[in-house]
Amino acid sequence: MLEAEPGAVRLADMTWMEFARRVSEDDPIVFLPIGATEQHGPHLPLSTDVILPESIALRVAERLGGIVAPSLAYGYKSQPKTGGGNHFPGTLSLNAATLVALMRDIINELARHGVRRIVLFDGHMENQWFITEAADLALTDQRREGVTDLKIVKLGYWEFITPATEAILFPDGLISWALEHAAVMETSVMLHLRPDLVNETAIPDNPPAEFPLFDPYPFDLRPIPPDGVLSSAASASAEKGRAVVEQVVPDIAAALARHFECSPAGAEG
Amino acid sequence: MLEAEPGAVRLADMTWMEFARRVSEDDPIVFLPIGATEQHGPHLPLSTDVILPESIALRVAERLGGIVAPSLAYGYKSQPKTGGGNHFPGTLSLNAATLVALMRDIINELARHGVRRIVLFDGHMENQWFITEAADLALTDQRREGVTDLKIVKLGYWEFITPATEAILFPDGLISWALEHAAVMETSVMLHLRPDLVNETAIPDNPPAEFPLFDPYPFDLRPIPPDGVLSSAASASAEKGRAVVEQVVPDIAAALARHFECSPAGAEG
Amino acid sequence: MLEAEPGAVRLADMTWMEFARRVSEDDPIVFLPIGATEQHGPHLPLSTDVILPESIALRVAERLGGIVAPSLAYGYKSQPKTGGGNHFPGTLSLNAATLVALMRDIINELARHGVRRIVLFDGHMENQWFITEAADLALTDQRREGVTDLKIVKLGYWEFITPATEAILFPDGLISWALEHAAVMETSVMLHLRPDLVNETAIPDNPPAEFPLFDPYPFDLRPIPPDGVLSSAASASAEKGRAVVEQVVPDIAAALARHFECSPAGAEG
Amino acid sequence: MLEAEPGAVRLADMTWMEFARRVSEDDPIVFLPIGATEQHGPHLPLSTDVILPESIALRVAERLGGIVAPSLAYGYKSQPKTGGGNHFPGTLSLNAATLVALMRDIINELARHGVRRIVLFDGHMENQWFITEAADLALTDQRREGVTDLKIVKLGYWEFITPATEAILFPDGLISWALEHAAVMETSVMLHLRPDLVNETAIPDNPPAEFPLFDPYPFDLRPIPPDGVLSSAASASAEKGRAVVEQVVPDIAAALARHFECSPAGAEG
Amino acid sequence: MLEAEPGAVRLADMTWMEFARRVSEDDPIVFLPIGATEQHGPHLPLSTDVILPESIALRVAERLGGIVAPSLAYGYKSQPKTGGGNHFPGTLSLNAATLVALMRDIINELARHGVRRIVLFDGHMENQWFITEAADLALTDQRREGVTDLKIVKLGYWEFITPATEAILFPDGLISWALEHAAVMETSVMLHLRPDLVNETAIPDNPPAEFPLFDPYPFDLRPIPPDGVLSSAASASAEKGRAVVEQVVPDIAAALARHFECSPAGAEG
Amino acid sequence: MLEAEPGAVRLADMTWMEFARRVSEDDPIVFLPIGATEQHGPHLPLSTDVILPESIALRVAERLGGIVAPSLAYGYKSQPKTGGGNHFPGTLSLNAATLVALMRDIINELARHGVRRIVLFDGHMENQWFITEAADLALTDQRREGVTDLKIVKLGYWEFITPATEAILFPDGLISWALEHAAVMETSVMLHLRPDLVNETAIPDNPPAEFPLFDPYPFDLRPIPPDGVLSSAASASAEKGRAVVEQVVPDIAAALARHFECSPAGAEG
């Protein structure tokens, strides 16, 4: 299958007239990548959680004739068990109310211009429940505007990794997805998509972090690896990253096509 | 071990003088059970997610000389994959901002009166991230009041169920904790703690619900079981419920004792 | 008249199916008791302002075939002239915005499930104006949802005490309802309803507190009785408490029946 | 006693340099009149609740060397039992959150410029509890700014009317202060202070309004007098108005002088 | 043209019945003057930004049969380049959220009573964008109430000064409108309208302030004139003030008449 | 002067360790570009107001050893006189409260990690006053955290265009900066920086838009050019764009160097 030009899917690159035409003619799915500016160890950039969902969303959108809105680069507060924690320098997080308001406003604006199919495309586990709240509040807003046919999907791309891909990533078995922050999966996908931003000499080989069954605030720093990587990334590779992308992109596209009842561009390929 | 009278641990039952004395003399851990008013199938009451954390928190508090504040009976919006969903009648949920404000205010009030060790004791999965936000905001508030020694713990009691107890609950294997809403575990614990509120003739035997890998808003009602129970509760029993309670109570108490560096009341027993 | 089982009126005890049936068949009045966790002297528990409205609301609801939703255990900030003040340990109060949001959300949720008759049943004088605001905002919310037949009542049970009952409570004359915090009326009703929670040996015999005609912030602690009781509770008795309950319950039921145009269950008795 | 020029007390009339000098030299009490734009029957203007507290505050401030900040002309939502209700045209009310924010900001601004003694001078009963909230929140704000010596007073001028003045106003006895909206007291004081704004030919002679013991929302319009006056104003007179002003002004000044430990200007007269 | 009595246009002076009649019969334009309590040098009062828009709005309203609602006396935070800055004593400013909420509530209240033409009449440059936000949010509110014919105008009276009037004010040429805070224009108009509040002996003759091209926070106090006047006011005169008022009043009236399609009262003069 | 690699200045590209080192060693200025997703005529992309400030901020930051944080791609609501208006499809705007919260959170996060010099680098005129509010609120937040040495600058790059550059852009004279939306200046800079995103065949040659002196809400669409370009862009060229960039970049760098008392990297070149 021949992929379309990425430029054709970015809302940022369109004129308002192109956007207007697309919305009125195609009823396109609009994707909003929602990331974070968050520590990702000594080897990955602070924007890892933006690059991954944006890159994957672009590929999915191409297959579905969708549009990708500008990514949200700031997300919810990093937590020790899923991101190492908010105390790492450079981790710039939003209060929950801010993040919810931001997503809610954007959904409402898209709906105001006639968009009726929106995918909130998450790249940062900590964002999940605030995405839910934004979607719920925006649906209420739209209902009060008389809009009752808006459909929103919340989605974390990692949820679509199949057991087969998991076996490629972790031939010796996955310890836990919760510990995969800045570890094998994310490092591999970054090596595939943006090798220029990976410091390969600094890829850590940490043992899996061990956390208590509860969450203390302020954070107890003792169980958190000092470099912020929750398990070993040593076995990461661009090939593994390619395997992830090549599996999740069509699978997400197919799932969304079914949900929104549209046909992916590659369906006939 | 002889358990203390429940009455001795409920803040609601104390006079202000008793509370004042306890705080100044004992530096007690104060527990805030955080539940929900949420559908729990045709056999369990709408208050299931309040009864369970409150009952378990009381037992843990007794062991640690702690105090249990009045429970929060309204929680975050029920979601299909973890609670069946907000559309079931009787499910009375709060907006995220409301729930966060409520918990934040209570933490600040406890801290104002000198409490320095607080456990946010969750009984409803949907509450988790909003508890995190409330704890974070209250710590900021307290820091600005000059209080720097406040320690907060967020805890879901179900996280403490060990593999051994899991084996008792699910001799044929657990399908997924995510599907345990109103199913074997919750029904069993209710049969143990509050059999008067369980309609045993109505316990359902649903197959496991199957959800897509993403979350649609508005909810897609098709994969949601019509009675709201996400998998079979048929094998529930009071004995299983007792096993859960008798295992998690001491384990939670021990974990908190380590974290807060206090000794559980039963330690010397 | 034979009173119905309390269990039949508590929303918390119902399954969602029972609630759904009740709402669709009976158009029931739903009561929301709104209390406080507030000092009540050396003899009454911190939950006095929850117990009283909840207990009375349950009795009223039984007569009207109503439903009582889980009580709000945290209320607005205790004030010197009506509650002794917020500085007493154990008094855990909410900011106005939090309390308003909490009530507004619950009203909206009840309306979402089809409830059209709601009684905000107050047990704490300081809550009054925030109840008004919540009712007003929720009516606006519902109007924007297209719901125009929602009826809300705000009610303080103490407003229904008749001169005759007042004469029973205060044979020598009432000094002022404003000073009745933790005094004769509340102590008597607690002795009637929950004697197990009253420390009879500690019932104070304070002279009436004298406050200036204005309110200073921060509080001027000098006119506030050190135990928080604003006048003497020495003449309290369970009999007086019974007299209050037995008078206000039918009177509130009758007033609500007239307002909502339904017949109390005991009308034909 | 010779009263000072009103011009000398209005913050609005001062240059910033005069204000700066006054604050640094005199530590003046700053009064904030808090009113409403609310129906006051067929004979009194919509600004009655602004004129009364502003006029009285100016007189009190003159005696105490105080300063009167610009009045708040919009207040909380008019209620049937105290103001006839928010449905009367021209009644322009604020949401609670708006009114609280407005007062909180002004208190904080005064404190920022060094003011340490503030009187929130209410002219509209419905404002009372929101004034309390604003004062409480501003004290928290200031505490976090390191300001711990700010003193705030909340005051309704009508609370200071003595039994002797009451006897002048109501020779046949007061029915209820709650029914005095746009009735004898307010009409009399307006006749004394601003006769140009009173339509004497339209002064109503309504019987006392009779309300139920609860508050319905939406309002039940039946018990509300169609002209919005809750009892008869027929016996109002400028002389009665003068009696009120001449009594409450020195009494309020004296009470505040005691509270703030300053001497009223007329003390030595 | 004979101007009507100012008293006939002030909402504050009307009874609710007059207001009701006016709205139902005339569909009047309602003006909301939006000012500030802000330093205006050693010679002008803190209320200058309230007096000017209120006075001009009254004159415009008279010509259009409009109504002037009570002015907002507190505005957005004074900035160095347009007002000298928020640090000058007596400058009492609101947070943006407060100011927006205040205006939004008032617009919504006017609309609730049937007003459909509103002019937000600004007297303080710093208010501008917050007026925009309030208008936008209120239109959304009203749309959700089913009101779709509300028309709002935002207007700064100074925008209407023509080159001819500018030549009268500044025979040697205007340096910059941005520097006109408390300078020739405002001082002249105050000398015309309220000479009693101008301290003529203190009118400053400052050189034009010079600011950098950016805005530093906290303010850099060095480029700010110590008396707060951004350029010379020495050439101010009552005649110049009269020229401004006599030009802008009819011009604003004519512009609004065209926009709202009504005829100014003086049109036939 | 040899410019540094752009990659060295993007916070997004750094690991947390690089960021931590930079902050602790260099006390770098951190730039936050604040843009909009807003119509820019038939020839420029919706992201024009993001590309311009980000590109210029990167060049300024290189000269000052600064760091550029991820840009904000969504800004305040487009207005007719400065941006054509919010009704053009693809214009995705935030409510004021959302935008303020977003910037406030990011400033607070930078300050939390030790940054003390922040430039809020605006690319969209409508953002200006909300940037002011965010800076003011964040300074209050930081003061309450005990941070008193935070310095923030608000800056619009277009303010730095000198008369000499203006003469290059507009040899026949500038009509008004207010009409330069999507016109000569922005088109020229885009032709210089991102010619791939300019549709040169669609560059419009509109006459200058003429607006009334006030702002109507809802917008009056009649004076707004149907393609959203407020004046002619026909004379735009990459050379003009280069002239703008080559002038404003060193000028902004020099101004910031003076303000923050650091030396630009190219100073010694």
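In this document, chain identifiers A, B, C, D, E and F correspond to the written order of the chains, with residue numbering beginning at 1 in each.
Definition applied: contacts are C-beta pairs under 8 Å (C-beta built on N, C-alpha and C of every residue); 3 or more make two chains touch, one makes a residue touch a chain.
Note that the structure is a prediction, hence the values are computed from the model and not measured.
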Which other chains touch chain C while also touching chain D? B, E
If I average the CA coordinates per chain, which chain comes out farthest from chain B? E
By CA centroid distance, what chain is farthest from chain F? C
Mind checking the centre-to-centre distance between chain B and chain F? Centres are C-alpha means, answer in whole Å. 48
Here the gap between chain C and chain F, centre to centre from mean Cα coordinates and rounded to Å, is 56
Shared-interface residues of chain E (touching two or more other chains) are 95, 97, 144
Spell out all pairs of chains that touch, sorted by label. A-B, A-C, A-E, A-F, B-C, B-D, B-F, C-D, C-E, D-E, D-F, E-F
Using the touch rule from the top, collect the residues of chain E that touch chain A in their complex. 143-144
Sites on chain C touched by chain D in the complex: 76-77, 79, 95-97, 100, 126, 128-130, 132-133, 135-137, 139, 151-155, 159-160, 212-218, 220, 255-256, 259
Sites on chain B touched by chain D in the complex: 144-145
Residues on chain C engaged by chain B in the complex (per definition of touch): 11-17, 19-20, 23, 37, 39-47, 50, 69-71, 73-74, 88-95, 97-98, 101-102, 104-106, 109-110, 113-114, 197, 199, 202, 227-228
